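Quick one: the structure is below, and I'll ask about it shortly.
The chains carry the letters A, B, C and D, assigned in the order they are written, with residues numbered from 1 in each.
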């Protein structure tokens, strides 16, 4: 690649690849080094039995946002993979969409950490529905052929 | 309901409802009060960019298994909902399926806790790929009309 | 008691009782409903082998600050006890003191959650050295006789 | 040192150094590569306001046991330091002593993970009072002069 990607291009690339993230409809709202916001819209196959977004779906969005927040703060060619994730579910994710707002609070050579606020959005209001902390480690980005 | 459900019937009911859990193909392998095993088979839309099961999908399966393990140990009419979830990703979930083996380690009046071992299975072997602890609180099961 | 205590009086009371918290020298810096700041000064018996504050000491201060932040936001006569605690150690706690800044992010009838930033302070600077999320449940405050 | 230390010698050395761990009275009960058991006896300055072992003291013991379990499984000269710790408090630590039983569930080049069961012991019985998962990273053991 002749020019390094912007943070937004990098997160867009990591999000749009075939797989879980694109298949659930993840949208990139915002990206700068160390901060990434992602959104997901309500769909029947993403809900739990009470009609709220499923905890696994919320955790998956938070995880991907955290990975983006840290990866955009790393040197080119490096990517952050999740070591562990801790999430508190604070209120029902009952809105039309959920938004994960991730912020790297530590970027290290081997280990990094990001916090993620997950908002539920609908009827013109936005409410905190989950809070997540993700610990990640840094590896070389797999080359195209290797994927 | 004239007869109380068995643990297996209860988990089957909670798993087969329309929504995320049934849509990803969750299968109930085993259920007794306090212990539930669930499986999920590889599908392109459940993977991350390296071809392993996505962290959110693993967390979602662990979460549902933990909910089942605690709910089957509660009095009839009560259900456990997740307060928080902590998961360590230990090795690539690169098998043909993943299996979440949940066990309640505390069942309380208001708060319960379950541990979940997630195995990745393929080519005749099974390996631990994630370890998860879920904290849940107990609420009344929503009545049929309310769902 | 004829007058309800202020947040500062309540946290001071919970901190100064005989036991671990007072014995390590915990100082109350700030308290208002939902927010509590506590400090601890360097002492040889609070350090690990590299001369930094020990992880258990940091976790203990964060735990107590979280309990104060939630308890000050509860109705009189109720107290928050820890269900689980998750802490990331971000950098060496090498300062002359550590300060735990807790903020309740959810106050519920049965379950509450607080985030805690732990700073290490020395040589005129303050640096984030740990980030902690604490989940608590609400119980009746033990009466004086019961303690 | 002419001969490598045994696991028990290594954990004893890490525990008996001046600092928090020795000052609270940590005793090594058992150590083999990947598994370490530590104990702590009741003392007024280790308790919270209800007369149970303080959460920070429990977390500190679990943390040190986890560090021992992983470090004994690493090559000589390497030591595991805590990245993050998650602990669930399951029942009052009301016994005469607490015992932390740590087991490494993953030992990696950069990141390792240990689970810790903490038991409270008294009146001839032993009960699980906390469950803890610790994520650690591997660093070179500080040389004697550097400490």
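Things to note:
One rule holds for everything that comes next: contacts are C-beta pairs under 8 Å (C-beta built on N, C-alpha and C of every residue); 3 or more make two chains touch, one makes a residue touch a chain.
This one's a predicted model, so the numbers in the text were calculated from it and none came from an experiment.
The greatest centre-to-centre gap from chain D, using C-alpha centroids, is found for A.
By number of C-beta pairs in contact, C-D leads over the other of C-D and A-D. Mean C-alpha position of chain A lies 34 Å from that of chain D. Centre-to-centre, using mean CA coordinates, chain C is 22 Å away from chain D.
Shown for chain D are the residues in touch with two or more other chains, namely 83-84, 86, 88, 113, 133, 135.
The touching residues of chain C, counted against chain A in their complex, run 86, 88, 90-91, 105-106, 113, 115, 128, 131, 133, 135. By the touch rule above, chain D contacts chain A in their complex via residues 83-84, 86, 110-111, 113, 133, 135, 137. Taken in their complex, chain A has these residues touching chain B: 14, 17-21, 23-24, 44-51, 54-57, 59-61, 63-64, 81-89, 142, 147.
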